[in-house]
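For reference, the structures are reproduced in the following blocks.
Both of the next two complexes hold chain A, though its partner changes from chain B to chain C.
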Partner chain A sequence: MLALIYFIILAVVAVGAALCVFLSKHPLYGGLSLVLTMLSLAGIYGLLGSPFIGVVQIMVYAGAIMMLLVFVISVLNAAKDNKTPMFDGVSLFVIIGVLALAGLVGFALVLSPMGFDASTLRGSVEMTSSNLFNTAQDGPGYFVLFEVLGLLLLSSMGAAVLMAKKRLGSEIVEDNSDNKEEK
Partner chain B sequence: MELQPIYIQILALVLFTIGLITALARRNVFFVLMGVELALNAVNLSFVGFAKTLPADLSVAGQIVPLFSIAVAAAEACVGLALVILIFRNRESVDSDNYSNMKG
Partner chain C sequence: MDIIESKTWVEWVITIAKFGFCFVPVLYILLLIPMERRGAGFMQDRQGPNRSYIKVPFFGKVRLFGYVQNMCDGTKLFFKEMFAPKGSKKFLYYVAPAIPFAIVFLSPCVIPWFGPMVFEWGDKVVRIAGPILDSEVGILLLFGFSSLSAYGAVLAGLSSRSKYSYLGSLRTTAMTISYEVCQGLSMMGLLVLAGSFSLTDIVSWQEHHVWGIVAQPVAFFCFLIATIAETGRAPFDVAEGEPELVAGYHTEYGAMQFGLFYMGEYSHICISSLLVATLFLGGYSVPFVTTETIQTHMGGSLAILCWVLAFFALAFLHMIYRYSRKLRASAQANKMEILQEYKLYKGVAWIATLVLIGAGVASWLYYNPEYSMVNGVVVNSLGAALGTALIHLLVLLVKSVFFCWVWIWVRWTLPRFRYDHIMHLGWKIILNIAILNLVVTAVVAKLMGGN
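On to the complex of A and B.
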């Protein structure tokens, strides 16, 4: 009973903040609302018995990704077209289509029988680490994925640095402005 | 009244819908990125919710895969924001309708 009350509070906060993301005018407010959504989702993870994922969610999502997003929004805040309308004509059809799809999926979801299993493992640090770094021959093999993930993060960081530094030289500046005038 | 797994899936569905609508309907490119992040979050919640309906050994995968998903989301945000900075320098605009220079 108490778990249900906590879940309802956290779910209402999460959905309300997600609606704030959808409806807010300035992206900075949207980013701060998204942080609130992620914090309440981390609370739901803890409620469900996976506290490690909740902590990772706070550290990586609310800490790192949203900090990066808010920082870039602040850097690019001087855009000329901050006053463009939020939606255009196509948006109406998109919203109706996605809502219809969600209704279908929800209908199928409600019909399927589900129940909590009493013997599920709690997602503690010990369970996560012993499975993630299980290098046994017949183990689950998640450690290979972990190595691949390191390569992915390294390559994406290199790609981001290469793309963002492009205009430090002066000759490329003129090249880009030429392109803009052609357009 | 107890907490049922279906409530978690419904919450994940609602969050995914809001994220998808934000990504598809908003014009500002930052809202597109934030909508994608919201949808990824909803999928993680769905993973954990389904993992709790499985018995002991099977419930491990559903609690480890979200960690990978979070890391991939971090890489996606990194590259996506670098792309936004790059296009912003060319176009001086954050409206995604102005990014249609590929004439596709």
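On to the complex of A and C.
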């Protein structure tokens, strides 16, 4: 009963904030509403008996990634204070796509109703770690995927650094030569 | 209503009373502001602000060692006008200072303030956990909250439409993210040793093995540096560096809005020092004594606690008497006034000393509660359990106040880093040391046959 009340509050906040992302005129407010969505999603994860995933959601998404996103929005947009139009040609396809996806997900959820019980642990620290890093021969083998994902992220980071370096390279050389002349 | 009936009423009272710990950071502000200002004076060989006073009938001008100055500042901030600069985003501008201050009330939830209380009530054995929220992801939750509190500074800078604020908030974003990584990785070694994210488990591991500072000395220093950087104080205060950015992200704020940022910073110090004390200095555990010993010798433990407090009162008296002697010999114009003021402190301290010594003797002689062992856990009466909790709480507070002093000490000793130096220190030095420490710890723990 109590869990249901919490769920309704969190769900309303999550959906409302997600709508705000869609409707807000300034991208900064959009980003902040996305933070709110992330936080209430973390709460819902907690209610579903997986506090670890909820906390990781807060730390990684709300804390780090959205912080970087707000950073980027502010660097690109805050000075101009521009207002993007709410709808344009592309958004027609996006809306149809989103509606179709929502219908599909709703259908799937209705077909397989999840038992809503906070007392059953679905993603505790121990459960997550023992499932994810089960290195037994006949285990699920998630740890291989985990390592592959790590490699993928590392390579994408390396690529980003390389691209940034190429663009900034000439300027850095100039800066160095200036410094040497001063010395 | 089966939720209410699932616990006895004593359990409910203690569980609800534990929410009072949410206000500990706010109380720490009252302690920290005078400590910082007089501490700065001490570091720089001057007095610090100590001239404001309250007039008390017999004793004259009572200054309470500068605490009155604190109240004056607070009153001033409360009654100043709140305003928003032209062109600012009004909503974000007013919400921003509240974010770090609101997070402050959430963070103490996961810190274990005392060991698990186990006592007999009626014919049931009641067990009450130390933290308000005894979660298995305790420390991660704390890190999540601390990363959220940076939004306050970021939004303040973005919404106040000033270039200085804006630069300050950009720097805050970069610094928070980079030092959070260092902070998280440097404490991972300890988590590997303790084998849990729960702060209660970490403290009980330290109680039964060694303190974190002994097991993980490198991690301790990395964590301390990263945590000081995380609170954004000198030498890491580039986000509000006065020589470059006026006051950084809170340049445009005045009155209590500025006050909220200020209090948020001090409560962040409180939370961080509590965290360092919990992770690396054994939290609530008393040095060289296990909780079981305290519980089996309750009267003696309480007596020792009282006598330690009495010793502090005597040390305070010694200080006051030394000051009075110096003052009498000096040619200061207002020395009679100050001596009159000191009479109040002397009276209070003498009464406190006598009461504490008396209470110690009484508890030594007359308070020997019965206890029984159930599954290796000492079970005793409610009073003895509360006494243990009190001792634990005081020990934790003493440790954390020491770290608060470390914060002030560092701030007034070291010069400010340049921005690129901070990034260099974070990403190229501390992060690498922390990762190396984690790898070495993991290998050693595996070889020693731990988890």
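Assume the second predicted complex is superposed on the first by the 126 of 183 C-alpha atoms of A that agree within 3 Å, B and C clash if a C-alpha of one lies under 4 Å from a C-alpha of the other, contacts with A are read in each partner's own complex, and residues count from 1 in each chain.
Everything that follows uses one rule, which is that contacts are C-beta pairs under 8 Å (C-beta built on N, C-alpha and C of every residue); 3 or more make two chains touch, one makes a residue touch a chain.
Keep in mind that this is a model prediction, so the values were computed, not measured.
By the document's definition of touching, of the two partners only chain B reaches A:95; chain C does not. After overlaying the two complexes on the shared chain, residue contacts for A:64 are found with chain B and with chain C alike.
Shared-chain residue A:56: touches chain B and chain C both. Contacts of A:125 after superposition on the shared chain: chain C is touched, whereas chain B is not.
Touched residues of chain A, counted separately for chain B and chain C, are more numerous for B. Residue contacts after overlaying the shared chain place A:149 against chain B, while chain C stays out of touching range.
Contact with chain C, but none with chain B, is seen for A:74 once the two complexes are overlaid on the shared chain. On chain A, the surface touched by chain B in one complex and the surface touched by chain C in the other have residues 52, 56, 64, 68, 75 in common.
Against chain B, the residues of chain A that register as touching in their complex are 1, 3-4, 7, 11, 14-15, 18-19, 21-22, 27, 30-31, 34, 37-38, 41, 44-45, 47-50, 52-53, 56-57, 60-61, 64-65, 68-69, 72-73, 75-76, 79-82, 84-88, 90-91, 94-95, 98-99, 101-102, 105-106, 109-110, 114-117, 119-121, 123, 127-128, 131-132, 140, 142, 145, 149, 152-153, 156-157, 159-161, 163-164, 166-167, 176, 179-180, 183.
Partner chain C is touched in their complex by these residues of chain A: 2, 28, 32, 35, 51-52, 55-56, 58-59, 62-64, 67-68, 70-71, 74-75, 78, 124-126.
By the touch criterion given at the top, residues 1-11, 13-22, 24-28, 30-31, 33-35, 37-38, 41, 44-45, 48-49, 51-56, 59-61, 63-64, 66-68, 70-79, 81-86, 88-95, 97-98, 101 of chain B touch chain A in their complex. The part of chain C that touches chain A in the complex is made up of residues 3, 89, 92, 135-137, 140-141, 143-145, 147-148, 150-151, 154-155, 158, 166, 169-170, 173-174, 176-177, 180, 196-197.
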